[in-house]
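One chain, subunit A, appears in both complexes that follow, with subunit B as partner in the first and subunit C in the second.
This part shows the complex of A and B:
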């Protein structure tokens, strides 16, 4: 697959800051060696790698029940086993207790299988697990519910003792909030003006208007793990997360420490999507054990528990949508209700109408809470939104491409959720571009000529279908930019320290590229340290695909502050004013005469010694709202993505083969080409996993236990599942400059549109599959074969 | 160098270690006393690690270096490589033979080290990902290609893919894409670098 980018210079949202010819941005061919070499080789330190040969290992007694109360814990057998150095139980956690705190939950209540009850530290992990298994726990077992629909039924067991209901409902928004001067007064009136209405009932197997998104575990390749060491009264923690600041808070509260006495170091972060750990139990379990044993301790969750109770998850989501359209495709109104087992729930707001009502019901069941994930719950939200719009195109006898083009929001529209201007035409642009790559119009015509929906077949007899989809991704609206310190040394080289957890080598390089560009130096003169919040202060959460955006803001601002001081020094030396100077390639020179210059090292020189006394100039940027940064008007920061897919469906086996899958993703400006391409391709693979390979967590309705807490039965894609040469992922540069140098990140959008397979499946078979994972058995059932 | 000693005591081990290797450095760590020593012995470097008490004194030939380690019969090869030899480039992902992150080569064959008992690897040539990068500025061709083609993201699974690639290329120096997908199917990358990885391995085989 060739690496190609589509550049589209819009006239909107262009800040003059970003229009200068860029020297580093987009021009760095490879990952920067000193970051990449450590990561690619395996030298990059993950939590398990710290204190090799010098630490104890943890075995954890996990609760096997979905809902129970702990009556007693007997650790005596474990304490007498060989190699055991320390034992702790949930009772010893200062506050709150090991079973995780949620509203209405008591300290001894288990609310899902896999909660930690007690733990052992021993000289090897095998002894530790054996000792943990020897801990005897007595429970009062309570009724449980692990099915979202069942949890809503009258008389359903309460997932949490003492609560009065398993659900709560709220109106997220109901637009227009006040009746307009002309036209329908509200959603109900607007719906009456529709020529075609797709309504639905809550019956997810029979009605396409309702989509059921499966529950699945983050199940990161690096299991949740923390290694800790006490140094006096201070706790040092090595663990992988992009959410350092919150974990410091969490650990300090649980351990009764000042936050300033917790050092959280996150270098390696395996499967680095977001927080990865809702409560960080592994860190404070290790900390308790380490305090007793007076040795470094590693706590690593087993694979089963990592998938069951220890990791973050995409929760169940279900949509119930009523959609009304005019005969020409104009959207009259959308009335949407979402059900979800927790976490943020979104309605895709890609569709142009003023009449949208969105209500949501959060349902509590006895499974682990949803936590930060790649796109959080965005991909499921997209899945739940899109099929009904795709279906509407068929109901209107329109080409889905034409329908999507007609209803896509335009830059002049107010975003229905944020009341900010949408500001971008990239949604339509991405669809248009992917349509060209895919050759949609020709394929659509060929498909119709071959019989159309449910009838077109390939020469080998299999059903043939094509599908399209587009989506928005909010880019870090919930978060601010990073705290960044830059140190420009006496030799002119620069070192950035960023208060956020590690993500991948691409992040390092992207941030280094921005800093080099802002400082006017070369990429080899910039180094970046991440994952040491103790140095950089609070870094905030990196969830929401904010890695590039938020880190780049901080890097840009810090670099510019340092450069400003260097420029002032240079101006004195060159006997001019700073507005007559420019910084490039590590030199500050006269615009009128480039032969008149000082090097960055010379510019730092005396100033550094005078001002900081440590041989360096410091620049620092603190967190602040970037939505209004350098902007006359705060726009909603979104990126758009469009997918098209072609599949073959085998009616005898239920297998779906991807014949082709194309995607165009708006990334703003490409800061680092290879990093962008890798993110886009990674998203394509993840979508294949969600739609096709069985990345879905299944619960035993009889016990509430997870049935497939592993990589085999809850299957991530392997190379055999990925048709490498049939995938095209293209970055679209919209110049939608809502970010520093226009880069708006690309971690989340590429994974959104797995529903494009479902849309192609309808095109092939005439059947809507409302469950997110297209198992052969589900396919055969949908086709009436079994 | 294939002699195996069973039931050697901690005292006897330390005595042996100091006799075997001149200038042995014996230090105290939190796990107990650990002897780490090196010498030039027929151009090989020998290290001795242990004891934790009552284990089996065994030879592990890793990356061309002989290591004497006192092992327990239930230890996995992964545990010995990472925790006794300190070779942490090899990761531990699932501990149940599903993800491929812990892959090492034993007799040139890619093996899930989490699924192999250490005692079954005694005296067999073992290669870990460390062999692909003698130092961080001197990467082997495979590691360099993975780096330059961005065939990794978080890096947790990468060592497993790369060492398996070494075995693949030894068996088939110029694999096509389908052969790469087939041979490396025992590996997961959730970030996911699968596309870049497969393309990179093909490219390496083509001399790129």
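This part shows the complex of A and C:
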């Protein structure tokens, strides 16, 4: 894939805190991932590697039914097998370990296929699994529902026994909350002022303004794994997690331990790489088995259990939107209703209007619970929102690019969901830049000249279409707890410990860069360690979504405190005041005479300097003045991204070929170029999988079981499925006011806009498909071929 | 994964003896056998021993002898795909071998293993025997009939099973008129997959427990013959076929004098499309005649039932396979011009 960096911060108006010219950021050639060598050479000690040759292995029996009650469990056959050292059942397990509908209690109710019922620890993994299979379980089987629409029908089976309904509905926000002094009083009145309304029927075709987003699993190469060992009354756990604090809290609370007696080693155990459930039952199961067996126990799930038995999924979502616009494109009102099986729900807030009503209905069905995911529900949000706006451009006879430019929410407006200003809005910039790269205006004209929607063809006869899209990443609002400790050693080198899991390979490297910049030292003298359980802040969320911003701010704060003490020492030595000093390249010197200096080692003195920082406040206020807003103004952070795509549609087979796909992603300032590139490339791959190759988790309508919990049937794209020579992924360096040195997260926006393929599909065929994956079957049906 | 022992015979006879007791299974490339063992997928008792054919010399050769191409059963799919003779004279087979799975699996997988694959169905192949279907349990249900059958048979059931044969090389061999040589006899390709009337529904071939494929023989094509293979899958890099097709066409004076056409992944067994052959024979090849042949090839095809009980918002059914199969037959024929 082609990568480019577009920088729009030549006169970077950084906060007075950051006025020194940058010396590290953007000035380290060939900066590589801090842990890359360890990962690619297999020297990263994952949980399975701990206690090699000394530990027991776990087999798990999981329920084959989507909804049932356990009547009995007979473990005698398993217990009598030679080599089996311990057996546990659901009765012995606190709720979070083998999740049950009644939190805090053991329960015999199964609410999705793949819930763990019992587990065995044995001397080899084959025996463990065979022993788990030997456990006899009897069930009362109940009616189930795995389809959200069917769950909402009167008389539908209840997904959870004892509940009164499968759904609950609430109005998330209804703006304006009070009638304004002038203009329409509310969304309904504003909708009446629209010249064009899209609501259920377009051009006499049944297109309901409805979009269905898939149920997704990360389907990671590394299945969840934990190794545990009891030492006296203390529990040692080696496992990956991206929410260490909550993991420790839950383990200690449910095992009757003090948090001080739970030692959670996440660093070097996969961190939050791969499957990243924060409260994985693998640790619980291993802990219970280890306690009984009095030996270290590893619990590593199989591929199928990994896909069914826990989190890291994204639930189904469905949107129904009524959109009204004036003839000139101005948005009169948006009335949106979201249906989702669980997790947070977002409406894309990229469209400028004062009149938005957003209603959500949470629906419970018998599928595995949802959990952390790359841009949690962001892909849903974009897909479920965007097609109707794209369609509106055509209804208004406008170029979609012009329509998007006109209605894009601008930085001077308050965010509709948070009522805060947005300190990172590069929406229009991203669209403009991708429009230049894609040459949108020329292609649009060529497409119209070739017949326009549904008629333009390529020389080989296939239908030809282009599409555009933009989105906000909605993940910038978490009040995350990110503790960072810095220790400047006697030799002047800096060592940072962070209490969060490594959500990506780039976060900690970006943090190292920020720390080096703030200290005025070189990157080779900074070491960052992630996954320090002692530093994991209790409560809140330490997930990856805002890792770069929050961790970097924590590191910045800690580094500046440490530098302040070093400066004071240096001022004494150099017989001056700190305002006359500068720190750079590991030295603190006189501004007026650089030959007079002390090294950082000298400035540290005889005791290492230790300071802390906390990134919790980041994302909540501006780091500098921005437009008419003042520094300190409460703000929200929404990364922007825009995509354009060109496709060919084979009418005979329903196959869609990507001819070109360009993306521009606002990353604020680039802190770690290779990390940014990796995130952008990975995002493109994920979008291709979701739109085209069939990367979604499917449930059997007949049994409710996961049908495709493997790499064959759940069709993640492989590198050979990605047309790398036709893709350009661009990092746009915006003039960002939301974070330290202007760097914001870049891992999530690149995955958002797979809907751009759908928009190109409409342009090519004149048809809208309302499900995430453009399966050939759906294409052929839409084109009337079957 | 089930535990197993490994037997390394040095002769085919020794391998056959090791297999005779019924407690052993063959391993060659291992790409399928290990999948089943790893997924703890077995209808009955898992094999105690894997008989490793790779320890037997002489089973990887590819050579032309007289008017016959001889391919050792352990020739890898990569070797077949890259063989110049096969690429030029038996093009459909080279194309089919190159379309199998991924480069890594083609480097490991063998032609013998590819034609002996078990059927493909996500219910049948589910981890840990999650769905005790008709192929595993006597009188068990066909879950595909009751559930999501987007990749299942469009030509009905065999012994109440709607799974499909997923081999990419099988239709090419069938269309090329290949013979399958074993340690016991030589089969025409058209009879090799005749598992229809067997009492053991797990089987996909006619092979006995102690019978081993040793060689594949393909007669040299007549002058004026061209062949082509087409595969349709969601992932182009690594996937089983949704549909595949092979055509072998001999042209005389601008018209088709002989056509041999086969389909796979549409039924329990690879399928010779005789109606398509009849349709194109004697005609010049063009888009219309090729399409007519494609339509003829799908005579009798039917989508599996979609009912409220097995339909969700995500249902796509398998009707689309009929359309795609028609197109693949058409395009394979057009490539033989």
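Everything that follows uses one rule, which is that the second predicted complex is superposed on the first by the 703 of 786 C-alpha atoms of A that agree within 3 Å, B and C clash if a C-alpha of one lies under 4 Å from a C-alpha of the other, contacts with A are read in each partner's own complex, and residues count from 1 in each chain.
By definition in this document, a contact is a pair of C-beta atoms (placed from the backbone, for glycine too) under 8 Å apart; a residue touches a chain by one contact, two chains touch by 3 or more.
Fair warning: this is a prediction, and the values are worked out from it, not measured in the lab.
Of the two partner chains placed by the overlay, subunit B and subunit C both lie in contact with A:710. Between subunit B and subunit C, B touches the greater number of residues of subunit A.
Shared-chain residue A:718: touches subunit B and subunit C both.
In the superposition on chain A, A:55 makes contact with subunit B only, not with subunit C. In the superposed model, A:693 lies in contact with subunit C only, and not with subunit B.
By the document's definition of touching, of the two partners only subunit B reaches A:31; subunit C does not. When the two structures are aligned on the shared chain, A:454 is found in touch with neither subunit B nor subunit C.
Once the two complexes are overlaid on the shared chain, A:411 sits clear of subunit B and of subunit C alike.
Applying the stated contact rule after C-alpha superposition, one finds that A:295 touches subunit B and leaves subunit C untouched. When the two structures are aligned on the shared chain, A:222 is found in touch with subunit B, with no touch to subunit C.
Shared contact residues of subunit A, touching subunit B in one structure and subunit C in the other: 125-126, 302-303, 710, 712, 717-720.
Looking at the complex, you find that subunit C touches subunit A at residues 1-3, 39-40, 102-103, 122-123, 125-128, 130-131, 143, 146-148, 150, 232, 234-240, 242, 309-320, 322-324, 327. Those residues of subunit A lying in contact with subunit C across their complex are 64, 125-126, 129, 133, 146-150, 212, 214, 302-304, 316, 318, 652-655, 692-694, 696, 698-703, 705, 707-710, 712-713, 715, 717-721, 771, 775-778, 780-781, 785-786.
On the side of subunit A, the complex with subunit B involves touching residues 1, 30-31, 33-34, 36-46, 48-49, 52-55, 123-126, 219-223, 268-272, 295-296, 300, 302-303, 502-506, 674-675, 677-679, 681-682, 684-686, 689, 710-712, 716-720, 722, 724-725, 727. Taken in their complex, subunit B has these residues touching subunit A: 29-31, 34, 49, 52, 72, 74-76, 79, 82-84, 86, 88-96, 98-99, 101, 129-130, 132-133, 136-137, 139, 143, 146-150, 152-159, 162, 177, 180-182, 184-199.
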